[in-house]
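You will see subunit A twice below: alongside subunit B first, and alongside subunit C after that.
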Partner chain A sequence: MSEKELGQKWDHCLADSAIKFGTGLGLGIVFSVVFFKRRTWPIVFGTGLGLGMAYSNCQNDLRSHYVLHSKVAKEQ
Partner chain B sequence: MAAKILPVFKFATKVTIAGGALYVAYDSGLLGDSKEGSVTLGRAKAAIPPAVEEWMKYFGFELHATPKIEFSPLDAWNSGVQKSIHALSVTPSTVSDYTKQGLQYVKDLTK
Partner chain C sequence: MLRVCWKGAHAAALTLVWCVCGRKKPTVKCILNMVFLFCRSNAGKIVAASLLTVGGGLGSTILYAKWDPKFRANIEKSVPYSDQLFEMALGPPPPPLVPLQKKPGKIEPLQISSLSEASKESKQPKAKAKKSDPAPVEAPPAVEEMCNSCTSQFVCVCVGEESKDHHEPALKERPAEEVSARLAQQDKVEQDALAALTAGLEESLGSSAKTTLQAIGAQEAVLTAIATHTNKLKEAMDSQTPPDEKSTQWKALNEALSDRTRAMEEAEEALLKAKGELEILRGVINSAKQSKIDAARPQILAAEENLHSMIVDLDKVVTKVQTAQTEAKIMSQYSELVNEAKAQFQQELANITPEIQANWKGLSGKLSADDLNSLIAHAHRRIDQLNRELAEQRVREQIHIEVALEQQKLEDQKALERAVASALEHRREDMRLEQEKKVQEVREVMEAEMRTQLRRQAAAHTDHLRDVLKVQEQELHEEAQEIMNSKMMEQETHYRRLTQEQLDTFTLDMNAAYARLKGIEEAIDSHVIAEEEARKAHQLWLSVEALNYTLKSAGADSPTEPLEGAVGVIKENCAENEFAQALASALPEESLSRGIYGEASLRARFYDIRRLARRVALIDETRNSLYQYFLSYLQSILLFEREQVAPPAKLAPEDLDTFRLLAYATYSIERGDLELAAKFVNQLRGASQRVAQDWLKEARLTLETKQVISLLLAYANAVGLGTTQAP
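After this line comes the complex of A and B, so read on.
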């Protein structure tokens, strides 16, 4: 993986983390207000979910260069 | 009869609001791949100025122009990293220079 590609992947990772953090926070706030009587734990849970999704995406993205990719051939 | 239906109605409203928020997040690609997320961010950035203008027209007052801040966090961070590492790399030679100067000064004093 070239340095340029690696840099771009890290850029995407950071941007994605920010987006998912915000989304998780927002959805956590919505759920906390609507269902859980404004408790804190849904907010924390949503934020954690968002960060986890971002981590998983980053991991897959950075690994994809070294993983074998295959396609299933269509049956004829 | 209305008293019995009201809790159900409230619950249904709550489910609609929460489900709608979740669906909007899913549909706009916020929960997907990293590339989809950056596409959505780009679209949102492009959509903000016209939206702000429309709201201004609707309310009928002028928002003073936001001052253009010529600050790029990326450039600042990169230059900070470069300066720190450069400082670390010249530390040994700088320290030895200062030590030599200090010893020379002390020698001169004792002459």
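After this line comes the complex of A and C, so read on.
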């Protein structure tokens, strides 16, 4: 069912973004707590990182169909 | 030559310049101009050169033609109107040499001789050709006489190769029997003539011989008579015998004289008769010679010889008689003289002694002395006289002898001439006879040769005839064989044709019956087949109906049952129906294995697809970032349009917009036109296409299967319709 593919992708994307966000948040919190004296910026940074990664992943996933895959031909 | 031409051209140019430059002294400039012009103009050069060439060629041709008439004739023959030119320039052509007329003159005499030769030649083979029948070989004279007669009779066509130059009319060859009859007739005629001739000749010969013999006998009798007479005369002259025997002597003498005269007369008569007979014989011989029958020639010759010998004998005898006559004449003259003298003496005695007149022979004892004296005186006187006469005679002896010699010479000459003439005649006759004999011999030899040649020719002819006959026989045989073969073949073909016809008719009948039987069988079979077909059609229809029914088993979201079973049933039942088989195998695999979705489900699914497609309308290869996704989503929310739009008959490029397409598709699908909806959906591009892919596939499947099934159904219906028979 090709129509479901999009939905799946979106699901995946959301899940991934949630995870990334959470992970980023967590890591940011951790880092902020551990290394950066409870500043806000690692959290934000981590979250942003996570969100960004999630965004990128989502985008790539949604784009994956249109990306051209090339192979380096073996030199004869 | 070139220089001359160049000079000529130069001169011409000068004059031209002079004329052009207006009668002034041509200035150098002017000349140069002209020359330049002329030299520069290539056309002028070419024209001048060509004119020179043409003129030169023409002139040289005319000159040479003047010299060589043959060349002239050639040119006149090959180039038209050249003869007029030549005539104008050179005069009329010389008369052609007449070939010498020697040959015709020479041919003429040859022809004539050859003609005669050929005619002669042709006579012989003609004769040979006509003698081909099994007649006995004619004597050559017969051949010759036939040949002689041939000229007047007929020409054999088969001897044409020898007589090319003949101008005789070509009469047709008479048939062999007629020819032989004619020949026989001719032979008979000739034989008769010959016989007659020979008979005549013999007769005349015989008679002339008889008369000649008679004449000769008579002449000889004359001779003997003359001889006896002379003897008797001599005896009588001798006067040695006694007087009584003298009278007997004189009587005998008279008798002898009368005998002689008689004999002479008889001889004369006989001679005349003989001469007459000889003349007759000569006439007969001449006529025989003229009749030209060669068989009589030796006889003629013999007759001529006989004649000649008879003439010779006769002449001899006549000469003998004449000599005897002359002798007798002498004797008679002598006797006459003696008698005269005696008579004179007696007269004188009588004159002297008149009383002793009668028979003074027995007188010797009776005479007196006076008588005796007178007698002696008379005798003396007589003796004197005689002496005187003798002296006179002696004187005149010479003259008399001369005269006598002259006379004798004359007579001798005459006799000689006569003898010479007769001898000459005889000689001539002899020569002629000899010549004739020789001619005869030669002729015989020639005849013999000709006979041999003719025999040879006959042999050659028979050989040739044999060959020709053989060849003809062969030809005829072949012809007959051919004819027989052809007739046989005709008969065979006829027979074959008849048999063939019979066979054909029989075959036709058989075929007809067979065809009818076949027809009946076929009708039955076709009935059976028709029923079978009907059954099959029915089965097919049932199975297709079953398949159709399975379509209905589609649930709301679940596909139908796999159509495998039904299709398998179709395939089983309609194994021999190729169309059904093809169609059955044309069903897509998916439908067989998995089944197809129903239209309702597809419809329902379509709306989902529609929604999704609307959402991702902006996404394609170039635009596929998340932001675009957001925008497209926004677009789908914000764009308001009609859900269903009737699609136009033709799609314009602006109709290929996603929303519009979806509207068209919705419209179609609402109207139940899945196919059109699928077509529209197929036009989607980009992410919408990806989204609608599956649905499209399903729709395609369904459509295909439906199409196939409808075909099958239609086909089954058609077949059923075809096979059902109207009641």
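In this text, the second predicted complex is superposed on the first by the 72 of 76 C-alpha atoms of A that agree within 3 Å, B and C clash if a C-alpha of one lies under 4 Å from a C-alpha of the other, contacts with A are read in each partner's own complex, and residues count from 1 in each chain.
The rule is simple: contacts are C-beta pairs under 8 Å (C-beta built on N, C-alpha and C of every residue); 3 or more make two chains touch, one makes a residue touch a chain.
What you see is a predicted model; the values in this text were computed from it and never measured.
After superposition on subunit A, the partners subunit B and subunit C are accommodated together without colliding.
More residues of subunit A lie in touch with B than with the remaining chain of the pair subunit B and subunit C. Taking the C-alpha centre of subunit A as the apex, the lines running to the C-alpha centres of subunit B and subunit C meet at 120 degrees, rounded to a multiple of 10.
In the superposed model, A:Val34 makes contact with subunit B only, not with subunit C. In the superposition on chain A, A:Phe45 makes contact with neither subunit B nor subunit C.
Of the two partner chains placed by the overlay, only subunit C lies in contact with A:Tyr55; subunit B stays clear of it.
Looking at the shared chain after the overlay, A:Lys20 reaches subunit B, while subunit C stays out of its contact range. In the superposed model, A:Leu6 lies in contact with subunit C only, and not with subunit B. Following the chain A superposition, subunit B and subunit C show a smallest Cα-Cα distance of 11 angstrom. Once the two complexes are overlaid on chain A, the subunit A residues touched by subunit B in the first and by subunit C in the second are 58.
Of all residues in subunit B, those touching subunit A in their complex are 14, 17-18, 21-22, 25, 30-31, 33-35, 37-38, 40-41. Every residue of subunit A that touches subunit C in the complex is listed here, in rising order: 1-3, 5-6, 55, 58-59, 62-63, 65-66. Across the complex, subunit A is touched by residues 605, 608-609, 612, 616, 619-621, 624-626, 629, 687, 690-695 of subunit C. Those residues of subunit A lying in contact with subunit B across their complex are 12-13, 15-16, 19-20, 23, 26-27, 30-31, 34-35, 53-54, 57-58, 61.
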